[in-house]
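Labels A, B and C are assigned to the chains in the order they are written; within every chain, residues are numbered from 1.
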Amino acid sequence: MNSLAKLLEAALFASPRPIATEELAALDPEASPAGLASALDELREHYDVDGHGVELVEVAGGWQVLTRPEYTEAIERAQMAVRPTKLSPAALETLAIIAYRQPIGRAEVAEIRGVDVGAVIKSLHERGLIDVVGRAEGLGRPLLYGTTRMFLEQFALRHLGELPRVDELAIALRKNGEEPVMAADLVEAAGVAAEAAAAPSAAPEAVVEGAPGA
Amino acid sequence: MNSLAKLLEAALFASPRPIATEELAALDPEASPAGLASALDELREHYDVDGHGVELVEVAGGWQVLTRPEYTEAIERAQMAVRPTKLSPAALETLAIIAYRQPIGRAEVAEIRGVDVGAVIKSLHERGLIDVVGRAEGLGRPLLYGTTRMFLEQFALRHLGELPRVDELAIALRKNGEEPVMAADLVEAAGVAAEAAAAPSAAPEAVVEGAPGA
Amino acid sequence: MYLSPRLPVTGLTPTAPHLQTSSAGDPQGGNAFVVDFTGFNGPLDLLLALLRDEQVDIYDIPVARVCEQFLSRMHELQLNEAAEYLEMAARLIRIKAQMLLPRKEGSDDWEDPRAELVRRLLEYQQMREVVDVLERLGEDRRSRFARTYMGQPAAPPPAPLALSLGDLLVAVDRVLRAARRPTIHEVIPRALDVDGAMQLVRSILALRARMRLREIIRDDSEPWEVLSALLGLLELAKRTEVHLTQPRPFADVEIRRELAGEAA
């Protein structure tokens, strides 16, 4: 490719929107309109003839380099195949508290967990698992959070009533006394589908703790 | 180019950020690791040999297509893209210390720099260049910081091991009492170190012990 | 060579020409978020600049001279109020004083009062070298554009969440275990018998017009019996079935049948 074609390629790649022909001319003040046209032709032909995953497309009075349609499906599929993220133990605990105590304020969640939960709540909110459902009375009228429809979807619940009742869990805990209660016991005790219990996740590892999108 | 290389090109063109090797592998479930590597090689060579305005760069555990530096000025002048802002010297000093001493707390960074670093750390955190990676033991359990994947991206590093090792830095080479280090030498020595670091280092081992995964 | 305060100490490396241009700009040039009025990144930076100007051996710093110059530069740069510079000045003065103390002849365990300062200077200088490397790498990267076009194939959706009810319940389990002893109230069914107390009073008052509290509360009554009796009496009084009087503090309460109550 000639050097103008290379410059055009770089600019078209870097630009967030299509670039009009006159704008492209500004890249090289010495280039003639004919030179510009032939450089664009060269770039297009290079992509077409040489076999590339991208192509040069004329849109809305300008030019753009786009991925070829035949690859978009594979790209989208690959994005779907991206390894699902797990919530960190901290996020799950916060979510559990909100699910069972909603509507609940941040301070109250922090009180139960014994640590600040600002970042975790923000992250759960960004993921659409919780939402603001109101404001508490009293000083500062703090925001109150509750779980969302997305929360139900993620856990395949029809409604919140399908969550095992927390007093059942508490009683189960109390009965077992000192002995740590395994999740499987809880799930069984609560009569939840064995499917949920089978999830190989009894040992939650440190995953993204309130991390922004992976 | 073979069809896998074209698919990779399409995906890399579509993404504003580096794509991890595993994610690239997900594009074609039938591609072997060797096939993937050779397709990436083919793509890189194609850009280099054939004369393109872009090139394939390995960064932050993944791959990214970037424009070649020689076109940056023209693109910026034509206002088709804007370069990100530079970090201040204070931010760079802080980042350097965190990169080498991670996980490290704010007080320790301040001790080395001789100035308070609260605002700088906050800003680096907001830019996604550092993140909280834990808490120290001891009074107040201060937060510990480490560098992020974004840090690698913004400095086009493949991994932290690409930073010069501490013992490769000029200052470390002089042992106390061996020969007088003139203060004026320090600067020149630094230049040598920078040059040494620029060359592909013979032993790019982990610089940082206990560095968090990128 | 006189080092302009605008130039970072290590800014003159041959391999990084951009350093010169980057720091020679406007006074706050490149200081994206920390305003540095002096061009120095703190007292260590200033001190290193002085040492460079003086061409001294870093392991044998002439403290008296350097201290004097540090103070005069502080004054020049109007840093007299800056705590960090003041602290360094104080440190220099202290080291200067320690250097003047007589040393014991022939003793090996004399510790150079400058050692800690030298260690910090070298550490800082080492970090400046890394800054040079980072600055060069950052400049290289900034001279390339990544794809910014975000149209067609939409930005990749966030990775799906892998969640199971099992995970959530494990979390509940942890919360319950971690919570400071869940307060589970022992509730005894019908602990109070208010109705029974009311019946008792009514049946006594059916026989006579007045009675005393002592008749239904004995010394060995359980707390719940006392509470039941009190609540029952208050309820009866509220319904105007009885009239309660206490002639004086701590005296026995007198319970009288009310006419209205009789009528009801």
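The rule is simple: contacts are C-beta pairs under 8 Å (C-beta built on N, C-alpha and C of every residue); 3 or more make two chains touch, one makes a residue touch a chain.
Just so it is clear, the structure is predicted and the values come from calculations on it, not from any experiment.
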Of the chain pairs B-C and A-C, which one is connected by the greater count of C-beta contacts? B-C
Greatest Cα-centroid separation from subunit B: which chain? C
Approximately how many whole Å separate the CA-defined centres of subunit A and subunit B? 24
Subunit B and subunit C, separation of their C-alpha mean positions in angstrom: 31
Please tell me the distance, in whole Å, between the geometric centres of subunit A and subunit C computed from their C-alpha atoms. 29
Give the residues of subunit B that touch two or more other chains, as numbers and ranges in rising order. 13-14, 65, 67-68, 75, 81
Set of subunit C residues in contact with two or more other chains: 145-150, 152-153, 156
In the complex with subunit A, residue positions of subunit B that touch it: 1, 5-11, 13-14, 22-23, 26-28, 50-54, 65, 67-68, 71, 74-75, 77-78, 80-81, 128, 131
Across the complex, what residues on subunit A touch subunit C? 10, 13-17, 64-67, 72, 75-76, 79-80, 82-87, 89, 92-93, 95-97, 99-100, 112-114, 127, 129, 154-157, 164, 166, 169-170, 173-174, 180-184, 186-187, 190, 192-193, 196-199, 201-202, 204, 213-214
Okay, in this complex, where on subunit C does subunit B touch? 8-10, 12-16, 22-23, 30-34, 36, 41-45, 48, 51-52, 54-60, 84, 88, 120, 122-138, 140-150, 152-153, 155-156
Which part of subunit C faces subunit A closely enough to touch in the complex? 145-153, 156-180, 182, 184
